[in-house]
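I have placed the structure first, in the form of structure tokens, so that the comments after it can refer back to it.
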């Protein structure tokens, strides 16, 4: 039981964090805060991947010394042949590196849009913007 | 290696063998080149050229999978689970050709619109972004690796947000439309990433074929089910599945005309394709959990979309928004086909996807041309278009009839097959939904046709004296692009063998054994 | 499977950081002052980065610190300065609706956790299949000690290509939406004080630079900026052997230029690195990366198959290939970060004291 | 002759521990100061402790702990970098506050904050 709780605690916290981010995105009408929520949401997803990649007693997946290549030997578990060390799983790290970059790209475009929206409407509150558009719609028809 | 050898290598079958990589890489690299070019018209010519080359490569791919073969291409020559692979079969070869053909047509169509709607200083970057979007969409359609799908989904999505926002010069609402699209699209993409992460957690691999193989061996557990739900919702957002479609109407309405054409005929289709790929190839449609999801979630939602969004379309005053709501309704038809879970249903859904791309592309083109010539944005402003712009009005009418599903148009064929597939499953109530939705389509398309042919053109008022109201310029290339699609919408009624054959082959592959 | 002692201590650290993340996350929901929200986002990212280090994901931590706590926070602050300071509180109805949506989503994930592997499990499918295979194969096939770099730049290089294209798209997007290299004041904004200054207000950075208050900053910056650039190059070329690579180096390089611009003014910066060069750079990186792919095809391999680059020694080919694409990543990332900065900075009106 | 090396080694670890502990204590003092001190300019002093003294002690402790390795060299570089940047950052913050017209709290009676005043008016 304790093993189960300790082994799954991270997931529960990460899920809570994800939902915090999602809640901010959905609930707030402020466009900048929405983007902050998006950032938190995405960062928590990154955490889900990274927590997955951890191996107990592991080290970062970087070899200290590069053994001579070209040998045919295959090693047992993920152990450095020279040092006998366990390494964590590198694949999720790579995926998340990519995802972080994608996240910041989205954020940059989103913020640029926010700046333009503020220039066009004088507000960054979703409700105010909807109201302004609604007034125009009523006036034109 | 000497130079001559390189040329011969590059010129021969080697180039064709690398077509899967090139069909994605060429638009992406060319997008960067377009930015460097700087000059607007030059960038346009370059983009047309690239779209042509891309279309050529996609035809090569289509040619080689016509018989039901599949091609697997290993990026960087790394074998499957380690490296990223591309996977091409009848299903996505059709889609790749569709995207590249629509890119070409949209570009041919779009120059006069872009010239008018976009700041000349931004033309080069605009076309660059457009090419990146094309590359991203093809990249999604061709990928055989779950995470690679995400990366290219984001390439296409981010460029789409930007392209939609470029409509701001016309109407500031493009900005909010783009922002809402960005928020919902990113939530969708993030849900998809969560799903992929859960799949990776359960299987330890990202290669779609490999995931499929491992899932087939093991009993699905709770992680896999959650992954399924997240992927369906994430891709549902991108496909504009019914309650998740709220970003679509504004994004289509306020984007620049050329972008509206391209998005309406490709973006949701690619998302729909990848949804099918995940539902049928990666997960296995036979599992009881999935069947329940199909019967009790997807099918009802599809029918609600078909009816509710058709009603909404009927009440729109803006032509493009009307078409956008109709698009959500049409996505409902495709999802209905998918949710049947049978080969016939899937084939009908795919066929409808193809036909809908043709007719919706044509409709948006016609509306864009009317907007260019006469500044039309509303349905009641269409009055008398049959006299002022007869060719555009004719194109609009034919495509509109195809949207209703009138015989002699391609829209009839796909609806016919859909009804047959639905009856095979015994879902008579779904037939009712199809009929109701089609009647509603008669209503909203009828409004446009009635305005165009039965009402008189507005007499030029004093305010518009300076504009030439009758002798509107209709750019030749744009008209040609429109008529390619219009003729296509009729042609595929008489000879639906190409899309029908591919859809059948694809459906057979998917239902048969995963198809990866 | 028993856990060893070091892992127990590690779990304690993990619990502490996780609780801190939770506190920050909840504070984010409750606050409506945007300045506080943005700063807390920076804190959140930094905490996440620390947590990533404790989970052996050093490359990810590096990037998260540079991007999440660095660039993202700066961009948000910039956007906030151009917009407003306070968010409206959420109406109750929307709060409950959102809570419902979030609750359902959370339950779906929570339900899935019962079949998830234990934290740190070496035998979970994720850690024992493909991920493990990379650890075996990297030595003989790529020959780069940093396995993350090997996967990023060789095994999954096409993902990285897509990533660079995403960055380019973002750069193009900001340039298209905000423009680049133009300084303009906000129109339609009622100037509350000093009507004469708003007409031709120089960017805020110029205003700062002309004040002699900044002599300390200028002296220190002159010492630091070369060091920062040097460090960027170290991160770039040491990426094979330790955490780092083109992306992190690009961000660091861009931050050096941004620091320069903050202290010496936007005009000086534009003179040093003109907007045209930045725009060209955004495309150049993708051209280098994609060009290498086309070259490998021309040399008879597949797209981004570095083995063919040098006929005799595939490992050498891998090294050359990784080196070249990392340069491509560096160029595009640095240029795009700068173009985004130029785009935002070009929009600044003069900052008044009451704005702070 | 007594072999002094083992004792030096022990001393090294003891010193390192002491430095690390001292650094941690100063960190906490700084943090408490940030929370408890009355106004901005006073708080900067507390922040200054965490920025300079505490950090330098921590780094020195870590340098001693890691011995004569590459890590020590890197830590030394970090220390130099912090030595330059921390005071500058504090200076910049104080300068910005000064320029923004923030007045230090001098007497016992604090004038109401403009924001609170507005709240009272409503």
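Think of it as A, B, C and D in the order they're written, each chain with its own count starting at 1.
Methods note: contacts are C-beta pairs under 8 Å (C-beta built on N, C-alpha and C of every residue); 3 or more make two chains touch, one makes a residue touch a chain.
The structure presented is a predicted model; accordingly, all values stated were derived computationally and were not measured.
Student: Have a look and report which chain pair racks up the highest count of C-beta pairs in contact.
Tutor: A-C
Student: Would you kindly say which chain has the C-alpha centre located farthest from the C-alpha centre of chain B?
Tutor: D
Student: Hey, how far is the Cα centre of chain A from the one of chain D, in Å?
Tutor: Measuring from centre to centre gives 31 Å for this pair.
Student: Compute the distance, rounded to whole Å, between the mean C-alpha positions of chain B and chain D.
Tutor: Inter-chain centre distance comes to 57 Å.
Student: Could you state the distance in Å from the CA-based centre of chain C to that of chain D?
Tutor: Going by mean C-alpha positions, chain C sits 27 Å from chain D.
Student: Specify, in ascending order, the residues of chain A that touch 2 or more different other chains.
Tutor: Residue numbers touching two or more other chains: 18, 22, 31, 52, 91-92, 95, 98, 102, 105-106, 109, 113-114, 116.
Student: Using the touch definition from the top, which residues of chain B touch two or more other chains?
Tutor: 147, 151, 154, 158, 161-162, 165, 168, 194, 200-201, 206, in rising order.
Student: So with touch defined the way it is at the top, what topology do the chains form here? Options are line, ring, star, complete, other.
Tutor: other
Student: Applying that definition of touch, give me each pair of chains that meets it.
Tutor: A-B, A-C, B-C, C-D
Student: Tell me, which parts of chain A touch chain C in their complex?
Tutor: The contact residues of chain A facing chain C are 3-4, 6-13, 15-24, 26-33, 35-37, 39-40, 43, 46-47, 50-67, 69-71, 74-75, 77-78, 86-98, 100-109, 111-116, 118-119, 122-125, 127.
Student: Where on chain D does chain C make contact in their complex?
Tutor: Answer in residue numbers: 81, 84-85, 88, 91-92, 95-96, 99-101.
Student: Taking the complex as given, what residues does chain A use to touch chain B?
Tutor: 18, 22, 25, 31, 34, 38, 41-42, 45, 48-49, 52, 91-92, 95, 98-99, 102, 105-106, 109-110, 113-114, 116-117, 120-121, 129, 133, 141
Student: Which residues, counting only chain C, touch chain D once they are in their complex?
Tutor: Per the touch definition, chain C meets chain D at residues 211, 213-214, 216-217, 220, 223-224, 227, 353, 356.
Student: Where on chain C is chain B touching in the complex?
Tutor: Touch residues, chain C against chain B: 108-109, 111-112, 114-117, 124-131, 133-134, 137, 154-159, 161-163, 165-166, 168-170, 172-173, 175-177, 279-280, 282-284, 286-287, 290-291, 293-294, 297-307, 311.
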